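One structure is given below, represented as structure tokens, and several questions about it will come after.
Order as written gives the chain letters A, B and C; numbering starts at 1 within each chain.
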Amino acid sequence: MRELAYYEAKFEALEEIMAADERVHLINGTFLSLSPYRHVYQNLKNKYGDRMISPPISELGFCGLATGAAMAGLRPVVDLSTGSFIYEAWPQVANEAANAFSMSGGQTRVPVVFHLFHGLRGGGAAQHSGSPQAMLWNCPGLEIAIPSSPRDVKGLLKTAVASDNPTIFVDHTRLLDMRGEIPDNDKPIPFGVADVKRKGSDVTLIATSYTVQVSLQAAAKLAKENIDVEVVDPRTLVPFDLATILTSIEKTHRVVIADETHQSCGVAAEIAARIAESGFDKLKTRIRRVSTLDVPVPYSPPLEAHIGPSESRIIDAVRAAVA
Amino acid sequence: MPTKKENPRELIDLLRRMWLIRAFEEKASALYAERQIVGLLHLGIGQEAVAVGACSLLRNDDYVFGGHRSHGHAIAKGADINKLMSEIAGRATGYCGGKGGSMHIVAKETGFITATGVVGGTIPLALGAAFAAKEKKQRQVAVVFFGDGAGQAGPFHESLNIASLWRLPVIFVCENNGYAEFTPLSAHTKIERLAQHAKTYGIPASTIDGNDLFAVRDAMRNAVEECRSGKGPIFVECLTHRMRGHYEGDPAKYRELSQLAEWKKKDPIARVVRVLKSKKALTDKQLAAIESEARGLVEKAAEFALSSPWPAANEVDRQVTA
Amino acid sequence: MFVIRHFEENLVSLHDKGVFGGHYHLYVGQEGTGVPAISCLRSDDYLFTTHRNHGHLLARGAEPKKLFAEILGRADGLNKGKGGSFHSVAPSLGFLHSSGVVAGIIPLSTGTAYASKAQKNGRITVCLFGDGSLEEGAAPEAFNLASLLKLPVLFLCENNGKYGAGRAAAAAQSSSMAAYPLTDLPKAYKIPAQQIDGMDAGLVHATISEAVTKIRAGEGPQFIEAQTVRYPGSETNWPTVPQPTDTSLAWDVSSVPEKAREWYRSCDPLLIYIRELAENEQASRDEIAGIERQVKGEIAAAVEFAVNSPYPKPEEAEKDFFA
């Protein structure tokens, strides 16, 4: 086992991916965000510069380019940077990439990865804090991966690139600094396999992305109140591992879902619906969601802190579930 | 050099306004360094001539739209710097109650309709305002400020086409400062002058020295007149430079220091001062007073902002829908 | 060209009989562009087309019976019935994707061009679209990318907005584009651009041939605007055909309804070509009529095949959306 920072694990993944497959091209390049880590990315450029391009501010154009290149046999990974910018490229992602394989009756494959940073970032305001994954979950034909730890980001990014389907890779800038363990011979993580990040017996707390880390902190605090929380991380929304969640609920009978997409038609809403459909009889109390409130993300720090799935809101929900 | 139309008294007012913007931006930078302002902060130091030159020729009821680097545009259009500083600091007394922040300024009473964090995002919006203005028949115009980075975005082209087809009273003001975020324009397109795109769609266009207040005023004077008389859109490309990085915290290593030095010589404020001095319309003492007055007002604005309360948590539920 | 013309005309009667529903768009009147243009390509070049794709697919060699079947939504269709008219593809012929969204394919074409360049396989991409596509922001974004990255792509704009005799002759485009001539748009990006008469098959062939050679030699993108006149019957919401085409119309239009006669006399590329062949004694009128008879027979058989092809099973809807 090695301990790495999340951004180090992500960079390792990019390096290994670029080394292993010549068909992988990187389009746009804020995979390590606009952070102090950008120098790390420069190392990649020194080695593989001919497979890395820096396009103009034309999300529609370059996401279309990435999609077309994938149709022609490359495996591009295109970085949209701030998740909200995918709205500029929406027609190419949702209407072309997502539909191509199906519309062609299975003939045209689109092995493209759309990478983005979602969520509340601290002062991003309404147009830089979007979490588009819920809307994208509603576009059949797209796979969605959403890591929450160094081990996950490395393993999932590899699978995303290897997949023949258009994949949305949903990352979060608040994860970049965290540290975690990676096994020595780490392997790609298959899609559709959830991860129990913390074993517990009283409540099943399902969370995604950065909210997983917030949930783990909440669980540590709740442990002092003798509430034993099991934290389950789906890791991919499409394909989605419901079985692991149902197994957890069999044990705990109580569910809280915490996620950063807005409440209405959000990720938590869909997970709740699936649990209600398949695991209703296992529940002893209603399902509780802790989502970002249904308001455009406000700029001011106390307002932004108020609307997200914070540790205190998660704790309140868990307490209510066991009361 | 100014045309005969500029009179010294007016010029001194313009200088005051340019200094107000400069002082404001420098203070915002200091507050950001102290973490009194969070998030993303994009400053327009060095681009004051465009903001002031353009907005000084507009009526209060003309519409102005900006982008992520729009503090200067708002101030030039007459925004209250107390409310502006508060907004950037996220306080309840800000223009948007702290909800918008630096990139989403709205100062409706001055005609500054909105800024946006999406590159080129307000260009289509400006078309809409121009469309409404045309319907209202009160000879209003809409002005939209954007950078060279927006020139490669689809909506920019769609907007040029529509504005031209429908002869909308919109003035496209492109601040070509040579960099789109951290990349020089040449890496984004083979086109050197965005005015070329306007000409493709049949829109009269010019490229001028954006650091020359008088050149900007001349171009805008003409543009406003043409627009108001219903002749259709105009495109003015202002060559300029931002003296800071793309945003606060950007060390701008992609920029040669020599380039920075070159542009310092072309500082827009210094150039206006030179002209005024050559006309013997400004003494050093007066100049010092202008600077200190600007800084004084900005200090007061900062005090106002930092002593203002944060918005209450339940504010999030208000103003989501009308 | 006969194949395309008779295919399209048969489609109209199939639609009018209710054999299939939904919107569809005919290539009648544009055969003089598509056929010679596509004949200039290598078998492994990529092509992208739009909702007006039947002519392109047939010109490239798609089997009429399979295209009929696809438009009729049958299991033997090119896309197993999943794409329909707008989305018919034939990857083996180089058509990876067709989009029903105006300009949807333009960014994609920069992608396959990018891939070919990276893979150094000498392939080029032809992007076939209409004059309306230039109004979409996706087009200039794609032109900029193609120009910046010197991509091997031919942008072939089929401007069928030219109105024929009786209308203002000068304005050869739709009224929704301020730029005129249309070639100004690609030229703004330093892409070499030409305007040609799309009804002159020989000229189209020579021009495209030259452009393709330049692109394959690595000179970067090219733009060609081929002008044609919309056929009478295309203005309605649902296509109609004023008169079933027959070789004899090349010499006698008296059977055509009066207001459509001028088009058949001067603007029908198929008839123009027939007259040329006869005048240059490259083929006799009888030979030409003989070819047409043969084609009519083939098309009739193709219609039979399609009409008798089964519908796909409903469960097929749930298959083939992930690779």
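Couple of notes before you dig in:
As a convention for this text, a residue touches a chain if its C-beta (ideal position, glycine included) is under 8 Å from a C-beta of that chain, and two chains touch if they have at least 3 such contacts.
Nothing here was measured: the structure is a model prediction, and the numbers come from that model.
Distance from the centre of subunit C peaks at B, each centre being the average of the chain's Cα atoms. The leading chain pair by number of C-beta pairs in contact is A-C.
Centre to centre, using the average C-alpha position, subunit A and subunit B are separated by 37 Å. Remark: subunit A and subunit C have CA centroids separated by 42 Å (rounded to whole angstrom).
Annotation: 47 Å between the Cα-based centres of subunit B and subunit C.
Multi-chain contact residues of subunit B, defined as those touching 2 or more other chains: 152-154, 188-189. Shown for subunit A are the residues that touch two or more other chains, namely 55-56, 58, 60-61. Multi-chain contact residues, meaning those touching two or more other chains, occur in subunit C at positions 137-138, 141, 144, 148.
Considering their complex, residues 46, 48, 77-83, 87, 89, 91, 96-97, 99, 101, 104, 106-116, 118-119, 123, 137-138, 141-142, 144-145, 148-149, 319-323 of subunit C touch subunit A. Across the complex, subunit B meets subunit A through its residues 38-40, 87, 90-92, 94, 96-104, 116-121, 149-150, 152-154, 180-181, 183, 187-189, 310-311, 313, 315-317, 320.
Interface residues of subunit C, counted against subunit B in their complex, comprise 135-141, 144, 147-148, 175-180, 184-185, 187-190.
Those residues of subunit A lying in contact with subunit C across their complex are 25, 51, 53, 55-56, 58, 60-74, 76, 91-92, 95-96, 99-109, 111, 140-141, 143, 163-165. On the side of subunit A, the complex with subunit B involves touching residues 54-58, 60-61, 84-85, 88, 122-128, 293-296, 298-303, 306-307.
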